[in-house]
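When the chains are written out, they are named A, B, C, D and E in that same order, and each has its own residue count from 1.
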Amino acid sequence: MKHVMKLLFAGVVAVVFAVSTQTAKAVDTIKIGLIEPLSGRIAAVGKDALDAFTFAADQINKKGGVLGGIQLEIIGLDNAMNAEKTTEQLKKAVDQGLSYVIQGIGSNHAGNIIKFIDKHNKRNPGKEMVFLNHSAVTTAFTNELCSFWHFRFDANVDQKVAALVTQINRDSSIKKVYMLNQNYAYGKSFQSAAQRLLAERAPNVEIVGNELIQPFGKVQDFTPYIAKIKASGADTVLTGNWGPDMIRFVKGAVSSGLDTQFYTIYGGLTSSIGGYGSDAKAVNLKQVTEMHENHDGMPDDVHEYIAGYLAKYSDTWYADRQRWLIYMLAAAIDKAGTAAPIPVAKALEGMTFDGPLGQVTMRADDHQLQMPLVVSSITEKAPKSVKYKGNDFGVAFSTDGVADLAATTLPTTCEMKRP
Amino acid sequence: MAGILQRWGVWIAAAAVILVMPVFVTSGFYITMLNQMGVLIIFALAYNMLLGQGGMLSFGHAVYFGLAGYTVAHYLNGIGEETLPYLPVSLIPIMGGAVGLFFGVLIGFVSTRRAGTTFAMISLGFAEMVTALTLVVVTFFNGEEGIQTDRWVGPEPLGITFGSDVQVYYLIGAWCLIATAAMYALTRTPFGRMCNAVRDNPERVQFIGYSTHRIRWLAFSLSSFFAGLAGALHAVNVEHVGFETVGLAQSGLVLFMVWIGGAGIFMGPILGAILITLLNSNLSDFTDAWYLYLGLLFMTVVMFARNGLAGLIVMHEPIWKIKIGLFQKMIVPYALGIGSTLLAVAGAIGIIELAYFMSTRTTAETITHLYWVEIDAAGPVPWIASAAALAAGFAACTRTYPIMAASYNGAIAEVKALVAS
Amino acid sequence: MSTTAIELRSVHKNFGATEIIRGVDLAIEQAKIHAIIGPNGAGKSTLFNLMTGLHPLTAGSIHLKGREISSQAPYDIARAGLARSFQVTNIFANMSVFENIRCGMMWDRGYKYSFWRFAGRQRDLTENCEAILQQTGLTSRRNVPAGLLSYSDQRALEIAITLASGADVILLDEPTAGMSRSETTQAVDLIRAVSDNKTLVIVEHDMGVVFDLADTISVLVYGEIIASGAPEEIRGDPKVREAYLGAEVD
Amino acid sequence: MLEVRDLHAYYGKSHILQGVDLDVKPGEIVSLLGRNGVGRSTTIKAIMGEVEPQGSIRFKDQEIAGMKSHAIARLGLGYVPENRDIFPTLTVRQNLLLGQKGTRNAARWSMEDMFKLFPNLRERADTPGGVLSGGEQQMLTMCRTLMGDPDLVMVDEPTEGLAPQLVEKVAELLNEIAGRGLSILLVEQKLTIALKISARVYVMGHGEIVFEGTPDDLKNNESVRQEWLEV
Amino acid sequence: MEVFLFSMFNGVLYGMLLFMLASGLTLIFSLMGVLNFAHASFFMLGAYFAYQISKYVGFWPALVFAPLLVGVVGAAVERYGLRPVHRFGHVAELLFTFGLAFVMEEVIQMIWGKVPVPYDVPAALNFAAFTWRGLDYSAYRLFMLVVSVGIFVALFLFIAKTRVGLMIQAALSHPQMVQSLGHDVPTIFMWTFGFGCALAGIAGVIGGNVLGTEPAMAITLGPIVFVVIVIGGLGSLWGALIAALFIGIMDNMAISYDIALFPIFAMFGVEREAEGIMRDLVDLTTGGIAPVLPYLLLVLMLIFRPRGLFGTRDV
């Protein structure tokens, strides 16, 4: 037994020693860590993000990089949707001397990263890191939990709900709204934002139901909820559901002949559309995004960019925020004249960018990107069909209405501490 | 002196290794990994008190790990906000243990009346319920976001702030050593012996005066104590406790560690925790198929190596203890056996990697790297080569395994003869 | 002090609709060897299981040294001073012989569930175990895992565990089952050697063993005691002959 | 028909059979006598493949040692176990049905034959086997094995736990079976019927055959009876 | 009253789907004593096979061939995986199937990717058969009901009436005897396992397009199937049916009536204006915790009646 232990420790020492010496550094690139699930159940989402960022960085590099020739490199760091691995990968990023990390899938992990970086920057002055958040939407990150080191390039829940509510108010046929959300932080923040904003902006609309369900695929059968929605006489369902909770909801609604509209944030994700199958054509579903491929009047460079991306990757084109993020970062580096994180962060504050629907601004007060949003329907009639990994679903998005900056700009409670 | 070494050599060596490790390992990533390893060693040993020592298969032991983690995270926050009395961070793990013990005593009472499948199913039921509660009881669990915490709180005795990972490393290392020693000692007590007895033959235990329920309950409670201790260290290490720490995945991971390492041997879970953490931290950067490999490894061990990898090592213990020279004769047969295994495994990995590459690629590109060779995954050559390696390796295994077994049996027979004479 | 070690009063046991034990009255005297014989399926093992608490009684009562133990949990009965061996070898196969015996001893010596002291350091345990090893002839096998013992050694260990509990009433279920003739002789010697001042109840098929050892013999047929008495009385009893050999043999 | 040579068998560590030799010829009733625990049942189980045998077992000139028990049964060897192993949840009829092996048409026995032999079973045809009386269960077990149309039946203690009149009935049945050209290997503890119907008897003791001869030989051999059979 | 009947009906629809899944598991357990952790994975495999087959030749051939394929896979798993593990006991078997569930999910992801696949309800049955309280009941849902009732009847008859069914029952009590009567028990075991898996496959074929076919479907459905068979009593077909219906109906009732749980907490003296953890508990309603109820039931059942409703032996 003694020998076993000795051998074991010897082995561990050897292995650890061997692997710890392998980290290398190159000078002529700026490395940016992307911490996302690249393995495990939702690796597909993480890989799509990796593709999108890699492509965006490639575009910058093709134009000559930043600071007159320095290239950007995206380094994928797998967190497997797990808190410890997120921390581990952050440590790895520190080891590799990365100043920028990007993440967006899972607000819980984003929250961790914010806390980690706050602590890290406090404990290691001179080796600061900046967190660029591309999709984690918890409003609190730019309200009470706001941090100088965090920049969000996606609209937060409140902004998205504001856009949805604005659109609901435009449709005079909507009288009764039923809300169904997942019973966890995100679902609840959707719920409370919707209640508040409906009261403010669409006072004629009555909320006839307000339900929270057990999230993450625990509900197998949505029939009882659908029966309640039907019984309430609602004409519109407002839901923040995503993943299997969205897919089963839609499938159940379609097969039960529930003829309400669905106003959603994530109902139009390509993975969800794949899950609906042919029900995607039957459901009257709307989603809010910062853009979509079929939106009229987008600048040519956006179309070119999309075409270039689709020529290379078999995914669909779903979001533009990866492009903004990298382009704005590159611009900030050039503006600051250095890749050092603090000047770049300061350069990012207040920076503007020409987005697909118009100008977007990184608000300095809370580091929340202010942007117009578009509400669109899933329909067979749209010109270009959504494709995903070679699957053609026969449906695409068609614009219902745009919520301009005035509609999506909301006050913040952030009291930012700056270095 | 020699006597002391004889008796305490292993522990002194372990302490020395823990002490000097940070001299060699300077990367924050690997320090974090070592910290995690220490936590999981404690957790795996605690789990093995149930599975290996007591014969209780639990699908929900992470409940005690996680609940302790949550409590400790809240407590640290309380210290930080000065709403709760100060307790040195280095003693916080005891508090985690107490939390684990509390829930272990409570839930253990109802779930340990029977062993076997009933116990396994109850553990599954509790795990599902607690996981669901993480989303319902927001005040304590804070849903899927979990609880953030900061271990750098309160006074700073001797300048220890636990701000740096190395300080946390020593904290975990010390606790790991203490907990391991304590759990090892437990196996030597009357209670520890009765635990084994209940595992092997619950019927007979009743007839020598012991209540099987009491023994299982006690084992469950103590195991929950150590699981809680590990959970507390986890909270201190990661400074975050989320719903995944109480979930089925975490319980499954510790089960994998223990069984792959070897449930029947005290060292087994340690070996398993080290191995799986190493692989988990490093392999997933290289391959998408890491979980598949983990599952296959687990199934292979379940099917062929009852006492896990540690069992394979311990099998050879008599040989090196009695006459290490006998290994000479075994080198060639073992090399043959291991070689053919590696060939088969290499082939299997080739196929899996190719399949994963083809199914997860997002571009039209079909050129990839397999074993540092650039290949075209769409062409037949790499597939045929991999399949051929797998088939050849498998065929070779069927030939070489008997040779390997014969050489082992021969050596053991020789050892037996030596002992007898 | 009563001279009855264990007493059964009109004990009944049904399994579902089947009546296995149909009213057994039996008084076993202290410090005697009492054998229970009978054809297969007569209910001998069931009787043992009732006495040791494995099954609850359907009716009747059982008393150990004057104290009622009917339908108590096996461990309570064991603590009250009644130990048993098993027909099918029932040992802790993965533990060493020494540990098997030590496990059998711990409750009686007051170690109970203690997890704050090392079993190996308790000298009283170790010494007593060594004594029992000596007594049962297992000293040379001390550190062998019990599962690897030869069959007759396992049977001896079975008895050793029973002895270790310190009980003075011991039930032995077919102690020589499956043994060769020479092994049987050894086993008989062992049983005789350990029977000093102890009450032994033995179920046994080997008539040689029974008549060799027993002070009293009871014959159990179809869940009833049809005869009880000294070996010579039993040998001559016509009912016993019928039960064993059929009605009309001459 | 059946030749057993130097048969050994173990239960775990215990060496139960220590070299058993015995023969059964076509159409013959042979009894295997001895006290409990001497290895009679183990002998049958070893022949049947339920206990791993070492040595030679030939049935109809074919080596069957090491074959799986279902294959042995299909060769025409029937086994009536001591504890009867009635399928308790199945009805009498279903128990009998399971005795059949697939769809062999020219079986010697039909279910009708069984019911003729035992009118009790016909009455109970649709009651679960578990509620039958001991005697009925014994009949059922025997009939179930016969439904498989064996050429040799091995019957383990058929009279165990039966009332005297039923014991007679069993004896009649065994004779009836033998009358149809089957061989029978009977394991018994009671000498009564064994001596009455057997052509030859073997006596076992401590895993070995200690006596072989006709029933008359045994009746006359007081010492064997004293040592190996009686109380 | 109408809400009650309506919830009952919806509960029966959902319950029968659960039963379909549980039937194969209960069959396997009743014969072999193996609690197949990977059962839901075979369900998932059925859905994926059906998706793949129906892509080329349509739903109806898939309904036949997908379960057959799943059955063959199951039989192979029994023969080459489970049988060698059998000698190590039930815990090892449970561990084996636990690992298998893990591996199957990974392999399915490897083949079909990690996002849901568009597996659709067949067009021929995708119309509203009738409408009640404003909800359409598609012909497909009725078809599911018919199939699950059909499976119950068929399985019942199969076990009670056919020779193989008799052998299965008989092997439960005396496997050795069945073998001695000339029946090849290991092979029966193998095909029974395969058959049980094929039943899961059928459930996958006709449930996968309703629930959504994605790699996590096994892990979200697996535990609930355990709940069904444990509550029903392991090995009891009737028990599985009753438990599945009960859980289906309970789920629907809990959501439809959405009763506040406050009175229960009030009994323990919790104020309605409580703060902290109590606040969260006070706000609970049956609808909010509906998915947890089965597990609560499971734990209570195992504590107070480990053999389940209709079981004849403990878990």
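Definition applied: a contact is a pair of C-beta atoms (placed from the backbone, for glycine too) under 8 Å apart; a residue touches a chain by one contact, two chains touch by 3 or more.
Predicted model, so just to flag it, every value in this text is computed and none were measured.
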{"item": "Contacts common to subunit C and subunit E (chain labels)", "value": "B, D"}
{"item": "Steps needed, at minimum, to go from subunit A to subunit C via contacts", "value": "2"}
{"item": "If a chain touches subunit B and subunit D alike, it appears here", "value": "C, E"}
{"item": "Centroid comparison with subunit D (C-alpha atoms), farthest chain", "value": "A"}
{"item": "Label of the chain whose CA centroid is most distant from the centroid of subunit E", "value": "C"}
{"item": "Euclidean distance of C-alpha centroids - subunit A vs subunit B, Å", "value": "35"}
{"item": "Separation of subunit B from subunit C, taking each centre as the mean of its C-alpha atoms, in whole Å", "value": "44"}
{"item": "Gap in Å, rounded to a whole number, between the CA centres of subunit D and subunit C", "value": "32"}
{"item": "CA centroid of subunit A to CA centroid of subunit D, Å", "value": "77"}
{"item": "Touching two or more other chains - residue numbers and ranges from subunit B", "value": "132, 136, 138, 291, 360"}
{"item": "Touching two or more other chains - residue numbers and ranges from subunit C", "value": "none"}
{"item": "Pairs of chains found to touch, sorted by chain label", "value": "A-B, A-E, B-C, B-E, C-D, D-E"}
{"item": "Subunit A-facing residues of subunit E, complex", "value": "6-7, 10, 13-14, 17, 109, 113-121, 123, 126, 128, 131, 133-138, 140-141, 209-217, 220-221, 224, 248, 251-252, 255-256, 287-292"}
{"item": "In the complex with subunit C, residue positions of subunit B that touch it", "value": "185-186, 188-194, 196-197, 200-201, 203-211, 214-215, 218, 222, 264"}
{"item": "For the subunit B and subunit E complex, residues of the former touching the latter", "value": "55, 57, 59, 110-111, 113-114, 116-118, 120-122, 124-126, 128-129, 132-133, 136-140, 248, 252, 255, 259, 289, 291-292, 294-296, 298-299, 302-303, 306, 352, 355-356, 359-360"}
{"item": "Touching residues (chain side subunit E, partner subunit D) in the complex", "value": "163, 166-167, 169-170, 172-174, 176-185"}
{"item": "Residues of subunit C that touch subunit B when the two form their complex", "value": "52-53, 73-75, 78-79, 83-84, 86, 90-95, 99, 102-104, 106-108, 111-120, 122, 161, 164-165"}
